[in-house]
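Presented sequentially are two complexes of subunit A, the first with subunit B as partner and the second with subunit C.
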Partner chain A sequence: MTISGEFFAFMGLALVAIIGGVLLLNLNKVVHMVVALIFTFVSIAGIYILLSAEFVAAVQILIYSGAITIIMLFGIMLTKPYDDESESKGGKWKKILLFLGVIGFAFAVYVGIYNFPIEQVPSALHENNTMEIGKAIYTKFIIPFELVSVLLLAALVGAIILAKREDKEADKE
Partner chain B sequence: MSSVPASAFLALALILFCIGLFGALTKKNTVIVLISIELMLNAVNINLVTFSKYGMAPSITGQVFALFAMAVAAAEAAVGLAILMALYRNRKTVNIDDMDTMKN
Partner chain C sequence: MIQDMLQSSPGLGNFVIFFILGLVLLLIVLGFVTFSILAERKVMGYIQLRHGPNQVGGRWGLLQTVADVLKLLLKEDIIPKLADRPLFILAPIIAFAPSFMVLATIPFTENFQFADLNVGLLYYVAISGMTVFGVLLGGWASNNKYSLLGGARATAQMISYEIPLVMSVLGVILLSGSLNLNEIVEAQKNGWFILLQPIGFIVFFIASVAELSRTPFDLPESESELVAGYHTEYTGFRWAFFMLAEYVYLFAMSALITVLFLGGWMAPFGFLDFIPGSVWFSIKFFFVLFVYLWLRSTFPRMRADKLMEFAWKVLLPIALGNIFLTALIKSLFF
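And then the complex of A and B:
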């Protein structure tokens, strides 16, 4: 690992992403948690640029830091704010055991990926990235692409039907 | 050629996945649980994009797959929020410990 600008960019972005995640776990107010997560999403977009995936980075900023964050803020503001302060019974032990379990999982996977022998082959992913993605989607992945549009339509209709007020309630008001 | 090894990206994805997993299992507010699940999906996307650049046969397929995963994640977030709204109208709570109708 040589010291270079790319290395510093990676370290900075990774640090911001992890700090955002840790703040998500530790802040008290729900809105603050969502705002902390925006930092994580934006720095993950930077990581995508380091991995020569410019189009995915743009989509990440649009979808995650834009749409999903706003939709979650709507969800928080339309419901009564419930801040994570009261501990339920046995909550502390549950948290400690879960923490140990997650650490164990992380250690197991880390042993697998530590010094994972990946040979680097020069790639041309950064040249005409968006055009290449478009070509791949409209030739090799045309059927999954159309299926995604059906899925989005189904999700749209389903979300509207689920969130719609019941007819009886609407008549009363 | 990149100066950052692939293991570093995989380790970052692992850390973010673990944060999301811990948040999804411990948080009480259902909205935060949904957001933690989004964080886990994001970590998986980092893995997909990493393997599309490194390895013996770098190709664009990993990035296309990450885009599909994002579309599914957006649909999941919208439907999850709609279910949360319906539940909040009926039960007046977003505390995940109170949603135990099927337990009794």
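And then the complex of A and C:
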């Protein structure tokens, strides 16, 4: 492997992503966890950019770190969760077994990924990313695309109906 | 020049050059912020029939903001005892960093641009959405109910107005066929998009005022109800960072409107081509900036309940209609 700017960028982003993930599991306050999650999402977007998938990267930031985490934060802040800081402490054996499990999983994933056959398909996707995605969606994948939009519309209508019903019940009481 | 450098092999030399370029832009932006605050106070002063700052730094009060900033930097840095310390410190940074990152993709002239991104417009929208976190976390970490309310208001407002903002730009994207800001400017050779997209422009402008949370949409920090909103507990340079982010966004948004709707660096008529692009860009840029200042001093604040209704029931349908209309026009006439 040659050391290039891409290598540095990937290492930095990957480190931030993993550290964010670990912090997400280990921090005590829920809001802190969400902040760790934001860092993970943003660095994953950076990795997409390294893979020259700019459109996906921008959408990742817009939707995952923008919309979804904001909704989570909002919910958490306005509901005041109880701070549960008790930790179950397992015995020595449990820890050893856990460690073995982690190593086994890492080994399995390593073997699986290392020998994974990836067919090299020549594609011009990286040249004009957005346009190519648009073309693919509106020609080859038009039916799945329409289905997804109908599904989302149904979800939207369902959400509105649920919200309205709550309103009515509150009025009755 | 930057394009070549981005593709060259990495090294300490390149790093230093990038660092210095970034620093120069930062200094330019800081200079802009200093004088735009002064300009704001002066414009508001004259509109309200008074003089504005006129003591520090000569008749025009040229050093007023410099003195204010110095005062801010020398102030005691207070972190409330019950505040969430790490987030309280992190929040201003999260709020400011995206505002500066956004500037990377804006083409000031043909040659003066830092990153020629294919998804430039989307990049702007996505990155600028990150500032909301800084505001929300700052409001939460202060452990103050006014701050939390201000943060919650800011988030609700920015998210709601981001949707009409993006929807109104879709017309421009339809006509130019690209998300790349350079290509959008090139597409305006025969007519600025403000002429082809008047509805889109108006919706975009209103939504952008709300995104910048300036009067009439300054509910997140309305001093008469929420003391100062999300930055009530902030002092000294941390508070300065929030303010800085706000004014850097003002810079970025004025530049973005210039690029999207006013033809960027291009001259309005062919025979005026001999004037360099940077001059045209700054003329348009300062005009947009002046309109923002003008709006601020002439409108009262909106009511909180009207605010959301306006975004969802007025701006969004108009923006959607504009997309429909634009698609129709494009398929009929272009």
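Quick notes on this structure:
Everything that follows uses one rule, which is that the second predicted complex is superposed on the first by the 128 of 173 C-alpha atoms of A that agree within 3 Å, B and C clash if a C-alpha of one lies under 4 Å from a C-alpha of the other, contacts with A are read in each partner's own complex, and residues count from 1 in each chain.
Definition applied: contacts are C-beta pairs under 8 Å (C-beta built on N, C-alpha and C of every residue); 3 or more make two chains touch, one makes a residue touch a chain.
Bear in mind that the values here come from a model prediction, so they are computed numbers and not experimental data.
Applying the stated contact rule after C-alpha superposition, one finds that A:48 touches subunit B and leaves subunit C untouched.
Taking subunit A as the reference, the larger set of touched residues comes from B, when subunit B and subunit C are compared.
When the shared chain is aligned, subunit B and subunit C each come close enough to touch A:59.
Look at A:67: by the touch rule set out above, it reaches both subunit B and subunit C. When the two structures are aligned on the shared chain, A:141 is found in touch with subunit B, with no touch to subunit C. Once both structures are placed on chain A, subunit A residues 4, 55, 59, 67, 74, 78, 129 are touched by subunit B and, in the other complex, by subunit C. Those residues of subunit C lying in contact with subunit A across their complex are 9-10, 84, 86-87, 90, 117-119, 122-123, 125-127, 129-130, 132-133, 136-137, 140, 148, 152, 155, 159, 179.
The touching residues of subunit A, counted against subunit C in their complex, run 4-5, 8, 29, 31-32, 35, 38, 42, 54-55, 57-59, 61-62, 65-67, 69-70, 73-74, 77-78, 128-130.
Of all residues in subunit B, only 1-12, 14-16, 18-23, 25-29, 31-32, 34-36, 38-39, 42, 45-46, 49-50, 52-58, 60-61, 63-64, 66-68, 70-79, 81-86, 88-89, 92-95, 97 touch subunit A in the complex they form.
By the touch criterion given at the top, residues 1-4, 6-7, 10, 14, 17-18, 21-22, 24-25, 30, 33-34, 37, 40-41, 44, 47-48, 50-53, 55-56, 59-60, 63-64, 67-68, 71-72, 74-76, 78-80, 82-84, 86, 88, 94-95, 98-99, 102-103, 105-106, 109-110, 113-116, 118-123, 125, 129, 132-133, 136-137, 140-141, 144, 148, 151-152, 154-156, 158-160, 162-163, 165 of subunit A touch subunit B in their complex.
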